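Letters A, B, C, D and E mark the chains as written, and numbering starts fresh at 1 in each.
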């Protein structure tokens, strides 16, 4: 064996690592990422015992049917009335449905001048090929503004509930380790290929929102799903390089502010019968339909970040 | 206008000032300066009295502001109001001066005087109220401001008694409010009239039967304050726990608010509307039951203040009986009895207070020989008792005379005779429960140990108010004519 | 178009936008932004109210470039502007009154989140008040629900989280029913805009078409909103939510959030279905009965309660019962009484919550009555304010509670079939109110010289005392000069038609 | 019963689904299942809405080749409303799930009644 | 097309009912996931591709992921320990 390299040098080469991995001796990513094998979750036996004991005691005390007949009776009564109520509701709704106008016919009251105008004039008035996108982001934009704030306020409540402070965070991180995949090479390889595809697909959905099915919300959700997959495969340390709480905060802030301001401008000009300076563009082109494209992008950003934030919050109470 | 307003607002503001200025010290703070407190309270009482006496001669009414559309807060002085405020303006300051001595060793004096002044002001407002909604407003405020007097000493019984008082009064007031809603719909306005009634003629013909129910509910509701039979139970609970001067005011003045209310309600409906209906019959029954039952209960009661409280229940129903008979003579008797009973009962309660203050005795059988120890107090007590029984030269005799006369002349079947009979029986019972005290007080019997006897006459500040009140009770018996003139004016609607 | 007509739109957008801004600000700045926004919106609403009173007619404001059935709209009348103004006042006072407690109740790092929630809550309330579109109303109802849930559980003790879960479950049931009713309504009329729906409903009724689905849809919407506003059988979440959340949250929740839903219901009754059509259904009888039951059971539960804040919370159940009783009478007078009661209850209940916290603070933070003995001597301002609030609740003249009871009774006298029931229950409930509130007042004024707690002087709580005084003034103003307000409500209801 | 029960089978199904979700939300003791019930309920409403927009023989409202006739496309309004609705239900679900986590870390159970009894036991 | 729709709707109801009665939380969530997928297919049938995309991304994607994290957090998914607390309680 004529080796040009010393043993130490050899250990740094790719071939060494490859053969070692092949023989199952050592993991190639070991030491470089945080995903060393984790200890299985072992609930503290004493705590479990205590909980069970307490649980039993409470059950004995409260659900003891002999000593607590009233509760039992009340429980039964509640269940029966609920079931009866639900059966009644089903019957009521079915009767109602049977009186409603027939599905699929043109003569339903729903198909009135409102939808006609959306279909006939929608393209020309909003510039969006996708009439639904034109409708929700231009005709009925106030609803959509509210909707994005529903998402915002939900994120805020989740933050309130699950965000931890510094010391708690460290503990949470320790217990979070057990979520980490145990060196799953398959997952990581698949993720390497899939994540870009998913994210690009998401971007496509967002950008194409006014031209075809899709839009800010669904595209954002897809991107968010891509990010979650990436996070699951590679762990928090990797994602924290480009996505922290600060990033989230500012992206959300700028997107929502842009949304608010843009819509305020459009509402204001609309209500006061002023001329809006935003061009409509050629229908069908990517840069068309006035504010719809930027709004879609803003919504997409917010949604993607929000979904990632939800996931991160759920897992360890922070980014 | 300003006189009326100041007679109402001055005591209220003074009371609030006392409450805020001389607050109860927290632990570690220096105690309240008692002298300035009593000086302040005394001055306020006197100034208020002067205001009120001046206001009695005011002629014109005025509207302060509108609570809601066509619901003005309206004040006016009329003859009925004059009589009641005359009672208040004498009894409240007297009892107030009595309490300067009596309350010396109690806690929270400032709270007591503050609410005392509040009660004074609110009662004045009640007398001068010119319409039903104003009246109701101050009726509620009277309940609220007199409750702290009842639960003054803060013991558990006192708090429970206060709550009981509050609960009964509010129930009654709500029943009355219930009626006010209907009156509001069926009357042109809620401004008081005296005898004619304010109901629209159309309302009487359309739902007269229903209006009778409303009238009965209102009479019952306001009757709660006057301790009428089914709802009298708060009186014997509240009186023994309250400080003696407070019970004096409660029994002599505040319960009279119920009587005043009844007069006002009668005026609103008009006696012609109610005369001869089932409402009158039921009301007469209730008052007579109360008269008899109150006396009987008082007769059996060993605790002096409680005995006096039952006596109040009985005596107030004399007044209500007079009103229920609904003619001028009995009305005169009732109003005379308002004054007479007010002075007498205040004197009796203050005597009881003096006895408690000097000897600490509350039960009747402990009080043997008390007349030897506190002769002035007991003489006053005896004279006042005679007045309450209705022995001729005292005020009680005149008023009962008019009541019986009115009843006999009324021509109501059964009740025209039954009424005077029950009044007589009750007077006998009154003699039975009040005179033994005097008799045993002055003649303790052969086995009384004269050696342990000591002079315990209280100081002037206590005996003077008692003497004044006793004197007044005799005075209206001797010279009733001036008052009868005023009452006559009241009865005829001036 | 007059520039003032932009104000409703400005106020909604301003509060939404301020929510977004607060997310990047530190807590102190967020607080300032929050206060300023509430004041500015209040001022705008006041100006708008004056403007509307002078013109005497309501106006429609396009949200976008498209007119009625195509775009969104908001609508402003006297009642809407008045409500917006009132909501701003109450919200400002509640926030200011509870501000000193906030650091102890909420983790420092979450303060700005708290202000975001308050801003968004305000915006959703304003949108509910001004909206003219049913679906917009639904969306903002959701914002309202979620931010209210956030306000409940921002103080993270076990009870509040449990209460938040219960609140969310009930609310979601409510929203589900509301949305379902809305869908049926949309199917029948083909519109989402209130005025257009009303037109179509009128036509449908006239032609006798689709009667059953119409009634079912109205019923579903009503039940949904009743559930959300904690009408009697659906009130299980309420005591925990109000009793343990932060003090400002409790005040805002009890006085504003449920009132927002009730106001939406009023709008639906007037602007969507039409008052007469609504009254011809049996739904008002159901509302009436549940209102009466709420009045009695709420008071009874309050009497049994041993915790001052839970007691006040149960009293809210009773008061909401009053409001629904007013709806159930089915007359204009009943409606006016209900709306006045919304105002009076909002003013009184937030006063009680804010005063109660002052009392518990000087009793070692305990809510139990036994510890509160003599608390009014230790914190005189809070004691006086609590007394005023209690007197108002009991219905003593000069305070707002009396006027609303008077209005209810006057309304009841005009309705033949429901007169006795409502008057008797009103009486029972008043007396029960008196029992538990007066019990508390006596308790806090009982002398307890050996209590181990320290008193607090005016110097230590200037802002708090000023807030209490403002609340008392508000109560007295509502109680003494009610006539202009009642007139205004009447005018606003007339504009609804 | 009206005439259209079997014609409107889609709406009937969504009504049944709504009630199933409603029952789950009311009766399940487990919080997670309650949340699933909530989602089912919401989906049912969206199905109900979407059925309204559907018109037999027409296509999705995406303009193809500039044809803007009313006869070509289905009604776009319900789709828009449902889109908004879905966002709302996602937000609510996330909120409910986080509440669940929080409750679980504190009380180690998902049963609301049991949590109530524990709270009563804690006495605060 | 109608037949296909009816089959899908039948599936929806089956899914909904079996969610209610499944003992295992993980199963419930998986069933719910399939419920969402069926729903998104149904939306294609109803000519609403926007909704289909959104439902697929949200109902089957995001919501389910959130459910899974929650289950993990509350220790309900743990294959090695079949006797976790939740299952006991469900019985």
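Structural remarks
Following the convention adopted for this analysis, a contact is a pair of C-beta atoms (placed from the backbone, for glycine too) under 8 Å apart; a residue touches a chain by one contact, two chains touch by 3 or more.
It should be emphasised that the depicted structure is a prediction, and the values quoted were computed from it without experimental measurement.
The chains that touch both subunit A and subunit E are D.
Distance from per-chain Cα centroids to the pooled protein Cα centroid is smallest for C. Chain pairs C-D and D-E differ in how many C-beta pairs they share in contact, with the greater number at D-E. Taking the CA centroid of subunit C as reference, the farthest chain centroid is that of B.
Distances between chain centres, each the mean of the C-alpha atoms, put B farthest from subunit A.
Centre-to-centre separation between subunit C and subunit E, using Cα means, comes to 38 Å.
Subunit D and subunit E have centres, each the mean of its CA atoms, that are 12 Å apart. If each chain is reduced to the centroid of its CA atoms, subunit B and subunit C end up 44 Å from each other.
Per-chain Cα centroids separate subunit B from subunit D by 68 Å.
Touching of two or more other chains is recorded for no residue of subunit B.
Of all residues in subunit C, those touching 2 or more other chains are 135, 139, 142, 146, 149, 153, 156, 161, 180, 186-187, 212, listed in ascending order. Touching of two or more other chains is recorded for residues 48-50, 54, 58, 62, 66, 69-70, 73, 85 of subunit E. Contact annotation for chain pairs lists A-C, A-D, A-E, B-C, C-D, D-E, with touch applied as defined. Chain contact summary for the complex, subunit E toward subunit A: residues 48-50, 52-54, 57-58, 61-62, 65-66, 69-70, 72-73, 75, 78, 80, 85. For subunit C in complex with subunit D, the residues that touch the partner chain are 135, 139, 142, 146, 149, 153, 156-159, 161-162, 164-166, 168-169, 172-173, 176, 179-180, 183, 186-187, 192, 212. Residues of subunit D touching subunit C in their complex: 2, 18, 21-22, 25-26, 31, 34, 38, 41-42, 45, 48-49, 52, 77, 81, 84-85, 88, 91-92, 95-96, 99-100, 102-103, 106-107, 112, 115-116, 118-119, 122, 124.
On the side of subunit D, the complex with subunit E involves touching residues 9-10, 13, 16-17, 20-21, 23-24, 28, 30, 32-33, 35-37, 39-40, 43, 46-47, 50-51, 53-54, 58-60, 62, 74, 78-79, 82-83, 86, 90, 93-94, 97, 100-101, 104-105, 108-111. Across the complex, subunit B meets subunit C through its residues 23-24, 26-27, 65-69, 71, 107-108, 133, 136-137, 140-141, 144, 147-148, 151, 154, 159, 162-163, 166-167, 170-171, 174-175, 177-178, 181-182, 184-185.
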